[in-house]
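The structures come next, written out as structure tokens.
In what comes next, chain A is part of two complexes: it sits with chain B in the first one and with chain C in the second one.
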Partner chain A sequence: MPIIQTPGGPTWQRRTTPKQLIIWFSWLVGIAVVVFAWLRIADNDLLWVYMPTVGREATDMVSRMVPPKWSYIDVLWKPIWDTLNIATIGTVMAMILAVPIAFAAAVNTTPHRAVRAVALFIIVASRSVNSLIWALALVFILGPGILAGTLAIGLRSIGGCSKLLYEAIEEIDHKQVEAIEATGASRLQQMAYGIMPQVMPTFAGVAVFRWDINVRGSTILGLVGAGGIGLQLSGSMATLAWTQVSMILIAILGTVVISEYVSAKVRHAII
Partner chain B sequence: MSGSSFDTSKPSGSFPDTWKKPPFIKNKTLRWLVYLAVILYFAAAFGTMDINWTRAYEGLPRGAEFIASFFPPTMIDSNGVDVSGTIVEGILESIWMAIVATVAGIILSVPIGLGASRNLAPTPVYLFCRGIIASSRTFPEVILAIFAVKLFGFGSFAGLVALSIGTIGFFAKLLAEDIEITAKSPNEAIESTGAGWFQWVNYAIQPQVLPRMIGLSVYRLDINFRESAVVGIVGGGGIGATLKTSFERYDFSISATILLSIIIIVMMLEYSSGYLRKWVQ
Partner chain C sequence: MLRLVNVLKRYKTGDVALNNVSLEIPDGQVIALIGPSGAGKSTLIRCVNRLVTPTEGKIFLGDTELTALSSRALRKARRRMGMIFQEYALVERLTVMENVLSGRLGYVGFWASWFRKFPKKDVQEAYRLLDRVGLMDMADKRADELSGGQRQRVGICRALIQNPELLLVDEPTASLDPKTSRQIMRLINELCAERGLAAIINIHDVHLAQMYSQRIVGLKLGELVFDGPPDGLVPDVLTEIYGEEDWEATIEDVDEDDEDVDEDGETEGPRT
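Presenting the complex of A and B:
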């Protein structure tokens, strides 16, 4: 925090002048990029054709969706159960596969640098591809249904879980591992008794956190035919049954709120 | 000292000579109940899953063929037309969408995040802002995009709206949580100088939450780019539209190119976000 000499005496400024200039320049570049990006999106003639009808469309849609068809919930229980199963089994699958990948990706436990590079690539690849795209591909292979959805959720979650796990492994206390090593334990035993107990709380926390995300994610997989409540959603929209659509949205809202409540409770119990 | 004078026989019973890892759940009854519940759940889940194993099994060779058809990734479609222009255009559109959605979402998130902090806002405002956050967090971007497409027509503007709303749920929630755990002493120090509410927020709260928020905004940019690849599937523009077309035309080697480009861009964003965070702090 420099003091600048001015004719009126020394004054305090938060930053030096060059630093201030750099910050202003970064703002300028940032704003220019955003404006340019916006212009590219607004450069669409059709958009301005649709714009005047937005209000009418919105009121039209709402009037078709109200009141929700409450009795439709009887049909929805099974899809909700399926959705939860997709999320749960997908998370379990991802956590099981994430452990070896995380150990391979953490600097302090990786067997070789090449292995680490491969593990990091798996993590990024799994994270970059949305579960909906995984599902789109898996429906081609396994046929439409829950299996494709579960695998899609699992494949998508491997990256997220491994990333959080390997960061936790890198932050462990090494003294405990050295103590285990001093007893003559093998590398595998060191991992099991020196590292695992330290990362177990993170492990459980990550699983619950991911499960919560996956419940949200699995509600839409049905849009590409991969099971769950999304199937009903796309079916109802295709048949323009808007009162059913609003009922499904309420059911999704309920499922997500309950899953969030459960995961918050479990996380408090663990930590 | 000879070895014989040293008693190496085990003092029987007084010390345990084996060690077992303590179980994860200490209470024995609770532990078995949890195991039982887990087994019952999985039995029920798999029992009702209604998986067509024959179909899945039949699909496996086709799956191998399917995966093989991804390689090598190309930019030439099945009619021999070079589609690299379309791919680049789609990716650029996704990038523009992600940038504008992140900025618009953050601008909208700041007042909502301030309103959703327990230590800043009166209860009615708090509940209202929490309600906005909860409802925007509930629905995945794809569902938001379906409705945005209905309102604004096909194209990137609908995707932009969906991603911006999704950003509010993420950013405002984390901002509010970060504000709630700010240190009390700087807040009181600024308050005691007689600062107004806006000055107080700007000089006491803002410096405490800004570094984390900058990191989070880059992270959200990364999420928005990835999500922009799926809002296209329901008509929200961007690379998702190109990807879906390539799937529908069975041009899987083009899908592979698109997926690889998404992965590479996400990787680049991840590295640059690390650098940016270091530079800011």
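Presenting the complex of A and C:
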């Protein structure tokens, strides 16, 4: 009842007074919890012994990192190339598998409720495991290398891609599909003519978006032996070769900047 | 001939959209279906091609009992019924040609349609139809580049390329301006005459209904309340269908010239 009768005629305000109080009180409680949590962390979990030397250690590490060992880039071209391949092939694999899963998961195209449940489970399972953990498991099974990394990226991406795709499928204009159905088209034809054209821009957008994420994700897979530039990173860190570490970080930064640029360009071109 | 026998449609919500409607439409007859929003006009034509499944009753197209078909047989039967929609319902991101050819989907296999390998005679027929409705140059344009009138012409081509016996036309002019509305109605009428097609045309505009149909059927709250010739729509009948209103101005100039049509700007309510 935002309209309130007063002697001077009805007035309007966004919320009633009790509602306004509830909202105000909720904010108060929320902020109090945050402050309390900060204090708890400061009391219990903070190792105060490290605090006095924080500044010194940080400058020390930075000073060991500069100047970056520029010549090391010669060793890095191959791992960068591997990293891009892991991201690209993993994304392609994920998209190919994501399309049927998305159609099975979307309410308006799923053949059966049980199929939908399975599809949704696959999506959640894929999303709930970090790509680094997928990689760990796959390195165990397949041995270290690019294949394990590619599969890890692919498996991790299926869920995210499928989720975005099936949401797009659920939001299509149903009239266009109905018109195709009315011609006597089969269910597959209805998908191909009524649904695919409507969701193609989203599909392309999701693929590029995911590739962009995967380029960043695949730079760390080498930490667990799944190929790519992360292998050099963990090696250099283990041997305390800090000038190499800084070179690698610059190389990763460069790769990510370029991939963001490419994906932005591609997205503009298709949407 | 299309025959509806005691058709009843009750939606899950409990609303009865059609109540015991019986109707016979001989080959080649164009009928206009009028009635207020929510009277069941859309439901009626959707029951015929079973985009909506009737709860009770039977519908026959020729000797085929549409209400008893398996899904495979239903697909075959749908090829005999072309449908034209209120907001055109073209696939917006496909070209005009692809939209027209999609009317042949009931005749070609999945992979042929996926790779757009339609039989040559289908493509020729598509060009012939586009030429007939004056859109020959538009074949390669994407559907969302066209104007409303042009889109509806594409919708008409898509229905006709099915080579149907019957057209189901749902509010073909509701999104069009008065002049385009007349052109579209005239076109549908001419095409039905050329091909000996029967048609059910749902329409809000009583005046257009009278001009372009041989018979008028009035629905009110799911029941058939009028069935007669266009000049039988006297004010009393309109009051019966739509409710009390001064109807003289709506119907008096039936035989007059094309100049001014009173567009009724009513928008379609929820389909019930």
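The definition used in the following text is that the second predicted complex is superposed on the first by the 242 of 271 C-alpha atoms of A that agree within 3 Å, B and C clash if a C-alpha of one lies under 4 Å from a C-alpha of the other, contacts with A are read in each partner's own complex, and residues count from 1 in each chain.
Going forward, contacts are C-beta pairs under 8 Å (C-beta built on N, C-alpha and C of every residue); 3 or more make two chains touch, one makes a residue touch a chain.
All values reported here derive from a predicted model rather than from experimental measurement.
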item: Partner chain in contact with A:189 - chain B first, chain C second, else both or neither; value: second
item: First, second, both or neither for A:145, with chain B first and chain C second; value: first
item: Dominant toucher of chain A (residue count), chain B or chain C; value: B
item: First, second, both or neither for A:178, with chain B first and chain C second; value: second
item: Which of chain B and chain C A:11 touches, first, second, both or neither; value: neither
item: Touching partner for A:59 - first (chain B), second (chain C), both, neither; value: neither
item: Contacts of A:38 with chain B and chain C, given as first, second, both or neither; value: first
item: Touched partner set for A:200, first chain B, second chain C, both or neither; value: both
item: Intersection of the chain A residues that touch chain B with those that touch chain C; value: 193, 197, 200
item: In the complex with chain A, residue positions of chain B that touch it; value: 21, 24, 41-42, 45, 48-52, 55-56, 59-60, 62-63, 66, 92-93, 95-97, 99-100, 103, 134-135, 137-140, 142-143, 146-147, 150-157, 160, 226-227, 229-230, 233-234, 243-244, 247, 255, 259, 262-263, 266-267, 270
item: Interfacial residue positions of chain C with respect to chain A in the complex; value: 49, 51, 75-79, 81-83, 85, 87, 89-94, 98, 102-107, 110, 113-114, 155, 158, 162, 168
item: Chain A to chain B touching residues, read off their complex; value: 33-34, 36-38, 40-42, 44, 46-47, 49-51, 54, 57-58, 61, 78, 81-82, 85, 88-89, 124-125, 127-130, 132-133, 136-137, 140-143, 145-147, 193, 197, 200, 216-217, 219-220, 223-224, 233, 237, 249, 252-253, 256-257
item: Chain A residues touching chain C - in the complex, by the definition given at the top; value: 173, 175-176, 178-186, 188-189, 192-194, 197-198, 200-201
